[in-house]
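Each of the next two complexes has subunit A plus one other chain: subunit B in the first, subunit C in the second.
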Partner chain A sequence: MRGVNAALGAAGLAAFLALGEAVPRLGLVEETYFPPTSRIAEALADETGDSAFWTALGDTLTGWALGLAIASCAGIVVGVLISVVPYLRAATASTIEFLRPIPSVALIPLAVLLYGTELRSVLLLVVYASFWQVLIQVLYGVQDVDPVADETARSYGLGTWARIRHVLWPTALPYVMTGVRLAAAVALILAITSELVIGAPGLGKRIGVAQTSQAVPEMYALIVVTGLLGLLINVGARTVERRALAWHQSVRGEVAV
Partner chain B sequence: MRGLLLRLVFAVALPALLVTVWWVASAGSTDVYWPPLRTILAAFPDVWTAQRLRSDVLPSVLRLAGGYALAAALGVALGTVIGSYPRVRAVCEPVLEFLRAVPPPVLVPVIMLFAGIGDTMKVMVIAAGCVWPVLLNTVEGVRAVDPVMAETARSYGITGVARLRNLVLRSASPQIFAGLRQALSIGIILMVISEMFAASNGLGFTIVQFQRGFAIPDMWTGILVLGLLGFLLSVVFRSVERRALGWYHGLRASARRSP
Partner chain C sequence: MRRRLFTRLAAVSVLLTAAACGSSDGGGTSDAGASSGGVTTVEVGLIPIVDVAPLYLGQEKGFFEKQGLKLRFTTAQGGAAIVPGVASGQFQFGFSNVTSLMIAQSNNVPIKAVANAIASTGVEGKDFSAITVGKDSPIRSPKDLEGKRVAINTLKNINETSVRASVRKAGGDPDKVEFVELAFDQMPAALDSGQIDAAQVVEPALATVRSQGGRIIASPLVDVAPDLTVALYFTSTRYAQQNPEVVEKFRKATAESLAYADAHPDEARRIVTTYTKIPAAVLEKVTLPKWPAEPNRASIEALMKLGEDDGLFKSTPDLDKLLP
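Let's look at the complex of A and B:
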């Protein structure tokens, strides 16, 4: 069954690529707007031979990874702190609900003024956007702690730190992983967006330059690269999640009783 | 009564504290980029007049609504079809995964090629970015329809539109709403970005104009308006969701009470 599905998927992908080749060749859309697949592939091959492309890819990945790391650490620390300290949760709920939906792109003008086209501009946007993803999941996760387990730990005289380590953390970890996975995707979107709009060095800026200089196939090739990057990040995050949660029921599957 | 009061205090205390800190810390600020909060708030009514609300905020919101509605309709319709037929799903899945992985803002330059820089482009950009979370979540939701319920529906001879409405879409609706929520934040991002690229009105356009003109307090008020808009939309979304999924939350709560 799995093999059949993979074959069908490959067929779908091939059909998609063939359609991309045929539609402009048949003149259904103008070739200058939508180059055939082979032209895009050619441009992609040219890009990979260009060292500037690899520098841009590196810049994008740096912004993504740094931003994600900062946001994840901050989200986890703040989330655990809010949940563990009494009353803090109730006191911060309204503020979190208010700040979270603020679109991070609202900060673009501020980032431009403060840091220009530096990496720090990108980081400001990436961290703001992905921080909430992690924080919210940590808060949900901590809420999910089994009260019996917590009471048991208390009655055995475990201190706050030990309870965080042995009761709270294992319960919250699946949620944390989901949060980090969502944040990884959001961080990529924001990294490329800020490069595109602000002009910080990276793939986004290259897309912007290709667009203004009418290099349409190159633009599509770069967009394909960002899609592949997103795909890799998704797959990677899922793999890490599965490894880190190998012990957890959701991954292990239900054991027959 | 006391409980309510306490909740109110908890809800208001931290925001009040933060605003006070901002107010006090920025009061004597001579830094051009961080104007005193007093100045920002004083600029607010001058900048966001009824006329400006009509000429900039309204078009933005209408574009967002148009693109979002288009994405929702398309996503649910396609998602239902793809989710209902395992073979179709197997064929489409890799392509969909790839399309979803493309960061939506890079669609702006592509769609600009086809649709120019008018309203059509902005609505299309918003729809093209929002459709993926809705589509993929609908596929997942439709796929996960309880087989017992599906069998029951079959044995009662429920087919066609009735089956779609009462069984498939209903049991997929929690997933569909999860997708719609993701799509909403993507939609706001795309609304702002598409206006930052090329526009003659709209929130994103206005804020960038202020920033380029070094009208810093005005720019700050724009950021505040965007924040308020994001907050308002999420409140509206939540109330719609609560109404539409009331049965589901009730079901979950009662399941939790009696394990």
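Let's look at the complex of A and C:
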């Protein structure tokens, strides 16, 4: 089954690439603005031969990883804190619902004023966008705690810390993992967007420079790289999720009774 | 198993948070503006376009070093990041078009121009900026733009003012032109597919339009004033007050770099390839701007009057305060 799926996936990709080659060659779209696959591949090969490209890739990954780490830690800590302390959740719910829909990109002027075009500008946007993904999932996860289990733990005299550790955390972990996986994708999007718009060093900035330089194939080559990066991050996040939740029924595949 | 996972997770998160804090602290201590061994390093906010080639060339030729300056370039995609960056002290110097600076000044943003950046070539039909139409377009003159969709990169800025000047000069009514905001790099495609009737483009998009057979119907910057000063390098008023000697050194070295770039267009073209990705074939056909060492005040006054007619300014910009 796995082999068949992989073969189908490869065939789909090959068909897509062939389409990308054919459409501009047949003149359906202007070749100047949508170069054929082979031309993009050529530009991609040139890019990988340039050390500045790898520096840019490193910058983007740094912004992504740091932003995701900060957002995940903050999301987990704040989420657990809000859930554990009575009344805090009710007091913060409206504020969270107000802040959450604000698009991170709208904070670009603020980021520029505070930090210019440095990494910190990127981090501000990445953290803001991905923090909510984790926080909301943690809140859902904590809500899912079995009240009987919680009461049992209480009646056995477990303290707050022990209850978080033995009851709350195992219940919330699958939700946390979903949150982190979603946040990983959002963080990459925001890292590249902020580089593109603000001009902080990274792949986004390189795309912007290629765009203003009328270097169309190079621009698409870099876009392909960001796509591949997104794919890798998603596969990686799923692997981490499967490993971390190996004990959980959703991954073990056991039928819950 | 679970215990181990938890401990590991906790350890990793502590480590990552520590790394994050460490790195952001490290990145925060900007040594820009600090001097060491008699050399002052200044951060300059630029747009990665042909216009700023003289600074890169001047740095390479040692004109800034001679003055005891070292430039560190930060390129941003547009003026949106540069003006606030300079005003808030992230960059010591920045590059911006004259109208943006006048708008900022009329809004009491504390900035001051310190050196010339670029001027139009002053030659009708042979400038780095042009109003262009597709090859089969019936539009012959800016007067024909009445009722048509014309793309400019930013509404209510230098390009709108200059296109309006061209329409007015040709005897048309600029109020009847429908302006559409579009990034320069997207204009050739939009023009080609007929989404817009005309576009005011600058290099290198202009070279792309020309290679598709597009026609130039006017040179808007030339229509504003002869030898129009288009952009200037600027700093914040606070930095200018606190570091007058650095500003003077920057002005001197920039003037030397501008004169050198103007006299050596081939070298200017070559250095452009170091900070942009303009393909060699396109770069060959690009019309370079003029790089006079000093701004042309009369032309800036003409631009200001037109801008006032267009209602761009809250109050009349004070050119005595703004210009070097």
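In the analysis below, the second predicted complex is superposed on the first by the 252 of 257 C-alpha atoms of A that agree within 3 Å, B and C clash if a C-alpha of one lies under 4 Å from a C-alpha of the other, contacts with A are read in each partner's own complex, and residues count from 1 in each chain.
Keep in mind that, in the parts below, contacts are C-beta pairs under 8 Å (C-beta built on N, C-alpha and C of every residue); 3 or more make two chains touch, one makes a residue touch a chain.
None of these values were measured; they are calculated from a predicted model.
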Based on the superposed arrangement, let me know which partner A:Gly208 touches: subunit B (first), subunit C (second), both, or neither?
-> both
With the two structures laid over each other on chain A, which partner does A:Ile192 touch: subunit B (first), subunit C (second), both, or neither?
-> first
Please work out whether A:Pro109 is in contact with subunit B alone, subunit C alone, both, or neither, and reply first, second, both or neither.
-> both
Greater subunit A contact set [subunit C / subunit B] = B
Could you tell me if A:Ser51 is touching subunit B, subunit C, both of them or neither one (first, second, both, neither)?
-> neither
Based on the superposed arrangement, let me know which partner A:Thr226 touches: subunit B (first), subunit C (second), both, or neither?
-> first
Partner chain in contact with A:Thr117 - subunit B first, subunit C second, else both or neither = second
Between subunit B (first) and subunit C (second), which, if any, makes contact with A:Ala10: first, second, both or neither?
-> first
Considering only the touch criterion stated at the top, classify A:Glu218 as touching first (subunit B), second (subunit C), both, or neither.
-> second
Between subunit B (first) and subunit C (second), which does A:Ser155 come into contact with in this model arrangement: first, second, both, or neither?
-> neither
Could you tell me which stretches of subunit A are touched by subunit B in one complex and by subunit C in the other?
-> 33, 109, 112-114, 196-197, 208, 210-211
Okay, in this complex, where on subunit A does subunit C touch?
-> 30, 32-33, 62, 65-66, 69-70, 72-73, 76, 109, 112-120, 123, 165, 169-170, 196-199, 205, 208-215, 218, 244, 247
Interface with subunit A, subunit C side, in the complex: residues 1-2, 5-6, 9, 13, 16-17, 19-20, 23-24, 27-28, 30, 45, 47-49, 74-77, 80-81, 84-85, 88, 90-91, 183-185, 188-189, 192-193, 204-205, 207-208, 212, 275-279, 282
Residue numbers on subunit A that touch subunit B, as the complex places them | 4-5, 8-13, 15-16, 29, 33-34, 87, 90-95, 97-110, 112-114, 185, 188-189, 192-193, 196-197, 204, 207-208, 210-211, 216, 219-220, 222-223, 226-231, 233-234
In the complex, the residues of subunit B that touch subunit A are 7, 10-15, 18, 33, 87, 90-95, 97-106, 108-110, 112-114, 185, 188-189, 192-193, 196-197, 204, 207-208, 210-211, 216, 219, 222-223, 226-227, 230-231, 233-234
